[in-house]
Amino acid sequence: MKLRAGNYFEDFRLGERIAHPTPRTITEGDCALYIALTGARNALHCATPVAQALGYRSRTVDELLLFHIAFGKTVPNISLNAIANLGYADLRFLVPCYPGDTIRAESEVIGLRENSNRRAGIVYVRSNAYNQTGELVLTWVRWAMVNKRDPNAAASGSVVPTLPDVVGADRLAIPPFLKAAALRAEVTGATDLWDDYEIEERIDHPSGMTLDESDHTLAAKLYQNNAHVHFDAMAMKETPFGRRLVYGGHVISVCHALSYDGLENGFAIAAVNGGTHTNPTFAGDTLYAITQVREKWALPGRQDVGALRLRLLGIKNLPAAKLVSPLAADGKYHASVVLDLDYTVLMPRKGSA
Amino acid sequence: MKLRAGNYFEDFRLGERIAHPTPRTITEGDCALYIALTGARNALHCATPVAQALGYRSRTVDELLLFHIAFGKTVPNISLNAIANLGYADLRFLVPCYPGDTIRAESEVIGLRENSNRRAGIVYVRSNAYNQTGELVLTWVRWAMVNKRDPNAAASGSVVPTLPDVVGADRLAIPPFLKAAALRAEVTGATDLWDDYEIEERIDHPSGMTLDESDHTLAAKLYQNNAHVHFDAMAMKETPFGRRLVYGGHVISVCHALSYDGLENGFAIAAVNGGTHTNPTFAGDTLYAITQVREKWALPGRQDVGALRLRLLGIKNLPAAKLVSPLAADGKYHASVVLDLDYTVLMPRKGSA
Amino acid sequence: MKLRAGNYFEDFRLGERIAHPTPRTITEGDCALYIALTGARNALHCATPVAQALGYRSRTVDELLLFHIAFGKTVPNISLNAIANLGYADLRFLVPCYPGDTIRAESEVIGLRENSNRRAGIVYVRSNAYNQTGELVLTWVRWAMVNKRDPNAAASGSVVPTLPDVVGADRLAIPPFLKAAALRAEVTGATDLWDDYEIEERIDHPSGMTLDESDHTLAAKLYQNNAHVHFDAMAMKETPFGRRLVYGGHVISVCHALSYDGLENGFAIAAVNGGTHTNPTFAGDTLYAITQVREKWALPGRQDVGALRLRLLGIKNLPAAKLVSPLAADGKYHASVVLDLDYTVLMPRKGSA
């Protein structure tokens, strides 16, 4: 029997290590497709001379493209039978990824908790992605609710890991070669630097983007994320959703690309502190984005670059300026909010040139 | 008059040789798009370090991508006026194709048979694709029913070529440098090797993929296949189909990608013995795949790698496990079966490490 | 306030120079996507050995892909608040662009004219695109009607620039290294050369291509053209169009790709003399193309290559052969005509081999 049904909740063991199949050489082709799928305009990912002026070897692979490809590798082993991806934490980009690098991923099961109804349970994994020289380029924790094959099967222990709420400034990887002052306003289109953002400031990004079936499925296939919910419209017809679900990572990418207008000098994502997909997104939905500034951090030993901790809200079918609050009166997420992402970007500081 | 109407049946001459226009440099960009269009996960095509461990110079171009590009070149001269592509035979991949290689194609007319109603006829061609150094990388025979411009025109002879039912093991091109034992389970995601497959074994691949207009048309444009049936919805409205037809090669690619789960160590396609598009596929259809093992061949002089002759059935709007037999009670293909492909893959053998 | 609302008519100053953000390294990935989006088959852009035989360093970036990327850079500063892109003039391709080149763009405001109702005005800009070594690769003038933020705001002067109707043969950039005779019929698929085209000749190109939402939005995102009209279906519902507009440049590209059959040896676009988007195009429309030969020019000092000045008509939902005239009885454009483009291609001359 060569049934590839993926792991069910009772198949996971605490401390188990899983090497995920399908290492992937990420190429200029993937980078071009990522731009076509999202409209991303970050200069570090678009232009080699800009990247080199900043000290990088060449343009880098968009951090979110890298994440989606690495994440996609974990799907066949971790979440093929997931009911829901519940959250992310402690995601850190540690080493730049360049076109031509080959990425492989491994995961360790760091937590397991069966649901009280015993039909499913939450699996917590720490996943690590390595490049071809064995450097750890990216690490993250996620947890997902995974079905049991057999509700009567015994589950292995009950451990909920302690996770940091935020990746502190001291744990951000700032490339030692980085020359942040080389990022010029004529390249990014804006003069606002780290100093110009204020805590609690809210930016209603002006653009919206409507999703279609082909582009979200192309994205998920590019990431080799084979979760059935994104691809099989016939099977999805039998679910409460009634149709294919957009991969949550594509929602992150589109909202992040929409947030470029107002955050132009945030040249790289350093960490994702946490994130939730608060409502499903479908083809036909139009996405908008709001950013709120949560914290501003100077970085140890660096006068030229600071970090902004941001909240990125993804909204569907409601322009950014029309959302008063992401929470409805009952304290739950507004039905239009599809994404609540807490992440950290690097941005040049003033007077550092 | 610069009318480019393509050849009609009466234009073909037995033994005629045709050099097809538009040589194509296949790049990393094409490979990335192929993954995005199909979700293919074959490690040899995804990761250069894996390919190098196997002895290849770098990751190779997916055999089906190579075939579709080479096939697309033949369309303007051979099948622009085809009513139907009737079949393939004796397709062999002879030399690996790498990103950066440039492919051109030539065909020879090896058979012609007019229909009894004299309105059309069957054209048989042997097509060859060469790389930039003149090596023959791929060869195949196909036959198509092509309209006549003028039913009264005289047709040139009536010859039906003798074609092999199967590409025998001795005619498969196994790269002399190949180190098949280097393909590790952690890279492909499965431990099943050549020894683990049994003749008559059936694998119901678990995933389905719904097609949309944009992705099948992007695929056919990528392959520079300019057959009108795939692109011109307005003209297709006047046909019995009523809408655009999905390029049969895209159906092969999607079904082959779906068949990865269960055939993970089949690292390269060596030959296509035959194939038929048994029913049309349209945007909106969800494809599923079944593999049946037909034959197992040891390969002359190789202990490390064997060949599996497989039958790949593509089904639409019916999950694999629900198809009892590809044939209906009347002996014809079940209306859900869209593809019946007979092909041969290379797979490592046990104990060869 | 980090509102990125783009410039309004009263923000422009005559003689103002604008450096556009987001320089872009154009890669093999972009070239592959361009083929997938348009089906373009020009041999110079498809095959490195062909390009090298012609004297180029490698296959070149399709002139229209280069243009769309350069044009896209100007959108955030020039036309984010445009009501209509009114026209192009004096577009010249000066230096070949190769995969790996990085393009940046600058514009100068060369004309301003307020509408009599004072609610909007026409902005004329000369835009220049440079490669990473500072060479001017492409230059063009366009004019757009741009809204005023405040109808009562004073507008700066009223200057309408004098623009050439046509880019004369003496202003075309012919690469000195070009060996046009090396372009062979077996590579392009046609023997018709410059000598074989007659002034006033009309070519009804045989193919049609239906557009879908995903492919036109993928194209505009690839070009990083962030005009809202192409992406935000929700906002477009409130406009007279009722839905997303296809980027006019994508219409040019698709029609140009359709015109390959009949113009196969027109290996490079040298100039665009002028162009108008005469009607909107939407997903679901099927495009067809007609070419009329306007002028034939010998080129100074060259026996091997000539120029053809062509009129490319893009038509929707009407096959080329069915359009009697692009103008209706009232002297306005036929409702099916979406594009009227006047451009110049280079083509080998006979007997030059």
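Every chain is named by a letter (A, B and C) in the order it is written, and numbering of its residues begins at 1.
Just so we're on the same page, contacts are C-beta pairs under 8 Å (C-beta built on N, C-alpha and C of every residue); 3 or more make two chains touch, one makes a residue touch a chain.
Not measured: the values here are computed from a predicted model.
The best fit of Cα atoms from chain B onto chain C calls for a rotation angle of 120°, in steps of 5. At the interface between chain A and chain C, under half of the residue numbers appear on both sides, which makes the contact a different-residue one. Centre-to-centre, using mean CA coordinates, chain A is 36 Å away from chain C. Multi-chain contact residues, meaning those touching two or more other chains, occur in chain A at positions 27-30, 32-33, 212-215, 218. On the side of chain B, the complex with chain A involves touching residues 27-33, 35-39, 41, 43, 46-50, 59, 186-190, 192, 201, 203-210, 212-215, 218, 261-264, 284, 286, 317, 319. Residues of chain A that touch chain B in their complex: 2-5, 19-25, 27-30, 32-33, 76, 102, 104, 132, 212-215, 217-222, 224, 226, 228, 231-235, 244.
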